[in-house]
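The structure is given below, and queries will be raised subsequently.
The letters A, B, C, D and E name the chains in turn, as written, and every chain counts its residues from 1.
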């Protein structure tokens, strides 16, 4: 059967990664992967995906961030239950960290296939830029901040930052976890304690964000990969971005450790979150497609597909039983942290899309204006207070 | 007679004679054409930039001056935009979308214009109790942002089983084209002499007879306007095209969005511009060809009321 | 009249037929319009408004929460900024489109050469989608490659023209593109209106010695009231829907400086998965439209009748 | 004429546009073969009445009969009427032939029958050479002939004309007027003709209905209307220049007013009650006598000439007699000029006397 | 009139629209205080000529003088002219007062002067009660009066009228015509008046210029034009119903044609060369004698009555004499009907004779 798959992976590295999946499906099954890429971000794609599912004309499979996004669709009985397949194949045994599968579970049943792990607490640094400024490549965030004046003197932008709410929210997230540490962070993000969010501890986060805002003052790109490109070409010192940025370095032929450095947890707290992407399979009528959906689910989580896909995408595989010795420097760092248990829940799992959007809006406003750190913190605290 | 033929001698050669001398460079002309040319620059600039950029290679673009003409003209970006640009794993550019757009455009055009013209005709010549109320609702409907109607439309389409089919999309275009088109047709038919309608009634033509045999053949100008507006609207539509179709039937604009927003490494501005121009080609050509008819039709349909 | 006549009349009076069944085919032919009006516009709107009082998230649900969504809406900084932006954009766009459209039409109406060429030049942007318009102007206004960059390259180093990255004026950067796209159509409408003015009025004004500009301002413009109304409706309906252009040009940025209500609606419906919030916002938009429009529509279409 | 041979009967017709009562309690009987002209000033409801008869407007109340059949709620095409409009209302995209045959095709008349009827109509109206042309390529007069032909081919009982000639220039109007008269003599159909040109009304009509504010003021032959107007409105409306209207009283068998005393010996009173209240006497310009005829007149006066309008064939004189304005006609060759003083006489036997209060004829 | 008191002079005027020559070599002198009517069928160039005089059209060649001044290149507002249009061309959003004073305000006339002039114009035209209304709330006649007022307040030398009355209904037209005449008598301005209504032309004009195809066919007093038309075009154009035109030859001092032989004793030839070629004799309907007068006529014939048009004041008869159509006038009370045979006589002394080839008067 023709299997229409919608997703929003259209940048260079992403597209290569998707084609690995497509190849696997086309080669290993009798089915045909019909690519339904929608460029833009999830924001563009999600209404399309949801409308299609709601309208009774669903695709065979679709990318969605796992976590709370799909809950209502599952509740409405629009998503295929994969529990039987998962139990037969023993997903519980090899999916690592197990929180990934939890994200796919609703009332004890499994509804999605996690395909990769993405973490967002990375600082990417350009060796070229620091060479130009004549200083050492920093080891953590604070060194980076200290090095900024030198970079500026060299006519460089200290920090590249795409001016979109979600990127700014990522930077904020990375800064908060690195600056205040995991416990305080959990109180706010997981337990939604507005007092902590408005407290003195968290004020440091906002101060750091304000610093970052200064560093990124002259970065006027919008798209994340254009910001990454500034780092790649040595026009900017560094960028806070998710691990997918590595795909861009790879496409540009750069080598981790030689041309660029990656600092998970901004080099401060060695923790990363375990967000990522997952595939859902909407309920369809056609029995052929139904069967094919299960076959496809099984392939997506298979070892070969996981390796091929994640190598291309620069993300971590969801299986703990894969040999990733071929992975590069950064990916190895990530694996090491995972192995050491430095795992955080992803924001998609802890905060609703609504709350996240509000935070994004706040960050967008904060980064683009002269809003004081105190004001921003107060607003943040009130968002946390009303979060559900 | 005597007076008329005996000009007062001597006076005939005095003073100015014939047409008033007009300098081509009069203050009025300088002001007039100067303003027009200046404004023209504003209007032509983007088109110029798009064309010029689409003919440059990426290295040349990186040099920075977007207004400079291409040093070396290359059609590579056009070829790429049409046939090679990638979205996800499909690398066949806009070409696929073109056919789809045409397939969407033609039935949408026919259905939406037919229905709107019949509406306009009924509203102009066959008023019935409440017809104006429905019309007022339609006009207010023209102000509703389409996006808020997405969900209700999804539900309606699901209920009538057209979700995901081409006809669902055609229906959506018909519905959202209806307010402004109905207004145009109604105004136009109202401006036709009412006596013509009466004569046809006396001649025994009924609702459809009058419409097809009398009104329709007289409505070319307004049909042209309606067609131009709809071609523009439907061809340029992205939102409905992406939501109410599937990947195989994605229209050109969706393809364009994919190409433009699929940033791979660096933005290939030249390809983007070429893709943009290619996508806009159909409505552009229509405007360039039928500008005069458009003005005439607007005069007939939009201005009288 | 004789008695015989009177008698015959009362013999066979014909009853007035049922109004519902007269002109049946006209009513039949109007079914699509009636359905559209009732089901899509009224029904869809009612559905939207109703759900704005719930706490629907991803899917529409019937759990009623009263005015909570509206409270949150008006407490949201982004919504306030969106409304402000729309007001600024709306007023400027309305005024400038009218002024520019009319001026261009008036210039073209001065029996000039190459009228067709100029008209096409002013009109062609209307053929392009907002997405294209947004992209093209984003490109031209880009500080590095665009106008600013070019002027600086020519030696004027301090020249600054970077509206899209300045939160204070970003909305005017969008306005530039919006005007570029929309004035042509308004110009055509105005031109059509000007062509409809009685030639004799012009002659009378010339005989009275009224200058051209003064004739336009004092005589012609007041005469074109219906044309201005038509143009107003068309422009206004476009303004309120302003979305694609912003998305293509700035995506609401920098920060949230160029957010607009339609974008708020979309973002909250789909990205934030808070349908009810989006619905509340769109209800507010609809409300303002209705407040402005209903009296006008009544005057324009409800009042006059024709036999 | 037989009273039963009514071709069109209108009974108690009311027509309201919303609040506006355009026609009120209107009754009219039109005989078979009659040429009836509806005459009245603009906005008096002439077209409205015609449209009601044609079925193009739904009546508010009342009944309409055509050939004895109640057609009040019938479709226009089923009433056996043909209609000709001021603006011709030809279908611009069809040839003349197409225009003529459109109605017949709608009625599914056989093809050769259509050809026959079109040929006959074209012959009657002398438009055979134009059959293949489109209306755009015809002159105004030709267009109007085609419009008449459109009614002709349908073999209707009643022809309705709504100011068919008023878009034509003066010369053409005169010609077509004569043609219409000839056509009526030839066809002998019932014709109802709306106009506000009184020359048309006078020359064409068997009977004229003068309308005002949705009511019929007088219905009668042109001769009756002209010579025996039933009320002041009709008297003033018909005749160009208008009748001279002089206010005064009846005193001892004489009309007295404005220093005039006009004997009423020759006047045929319609009412027997001799009137004591204020009256008005109407004297047509041509019944003011000048020249040699003055001597024979029972009443005479001297007027001062104010304005002389020479029409070629005759001369109109506007004069004053004290505070009274008097218009009269003289021969085309008379050499009277502004400022002259002239003796005139009054022919009261052909005058009209009205009650000045009720405005009706005495 | 003094030959030097020309108010408007047009010299060798040419006007071309692209290839189309609308006016050719046109010369016309208009006297101070004269009421000149330009008469002609539609499209003959009347409005074009008027617009040239007003300065609204740029002439192709030739000169225009107003009050002796060469104004060929002057702006309309500097020519001392006022213009009144068929469509009134009032400024719809201004009150009547605004309409009247707009031109003056623009010319920076003092405020009390404006008030004075507006008051005077309003008084002359009797529109004082309307001053505060907008044109939309006026009747056609009132609008036209305001339009005239607009020219009046500007104290111009020359009034130009472009078919000012043709949008009005018949009755109003007659009334305003008289008012215009009175206005001219009062103001004594030069007036140039375009119309294609010959009654207007005949009644208003001091002189009439008959135009055809951009040329003046005849310029003369109404009397001259009516009674001594210089060519067949003018003869046929003026007079309603049109002159009877009979073709034939001159034979021995008689006109011979269509079995008629009409003695030409009383006819005043303008040319001395007695003509041998084909000629046409034109006899106006009122110069065909009927009733008692027939006896006195030099030539008589018997005709068959075809159509009788009763106008009330008089009767038009369309008749045939062999193959010839003859129209004539009878008294309003005459009882002639279709099919009657009537004896008629011809009054040849008031006929017009034309060379049938050159179409000019003999």
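Simple rule for what comes next: contacts are C-beta pairs under 8 Å (C-beta built on N, C-alpha and C of every residue); 3 or more make two chains touch, one makes a residue touch a chain.
Every value quoted in this text rests on a predicted model; they were computed, and no experiment measured them.
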Touching both chain C and chain E (chains): B, D
Chain pair bearing the highest count of C-beta contacts: B-C
Gap in Å, rounded to a whole number, between the CA centres of chain E and chain B: 52
Chain centre separation (chain D, chain E; CA means) in Å: 26
Between chain C and chain A, distance of the C-alpha-averaged centres to the nearest whole Å: 39
Chain A residues counted as touching two or more neighbouring chains: 47, 54
Per-residue multi-chain contacts in chain D, two or more chains: 51
Per-residue multi-chain contacts in chain B, two or more chains: 150-151, 155, 257, 260
In contact (per the touch rule at the top): chain pairs: A-B, A-C, B-C, B-D, B-E, C-D, C-E, D-E
Contacting residues of chain E [partner chain D, same complex]: 41-42, 169-171, 174, 177-178, 181-182, 185, 196-199, 202-203, 222-223, 226-227, 237-242, 284-286, 307, 309-314, 316, 318, 329, 332, 338
Touch list for chain D against partner chain B, complex: 51, 54-56, 75-78, 81-83, 85-87, 89-94, 102-103, 106-107, 147, 150, 154, 162
Touch list for chain A against partner chain C, complex: 42-43, 46-47, 50, 54, 69, 71-73, 75-76, 163-165, 220, 222, 352-354, 356-358, 361, 364-369, 379
Chain C - residues contacting chain A, complex: 57-59, 76-78, 143, 165, 167, 251-257, 266-274, 277
List of chain E residues in touch with chain B within their complex: 3-4, 6, 9, 11-12, 27-29, 31, 58-63, 65, 70, 72-73, 216, 218-220, 230
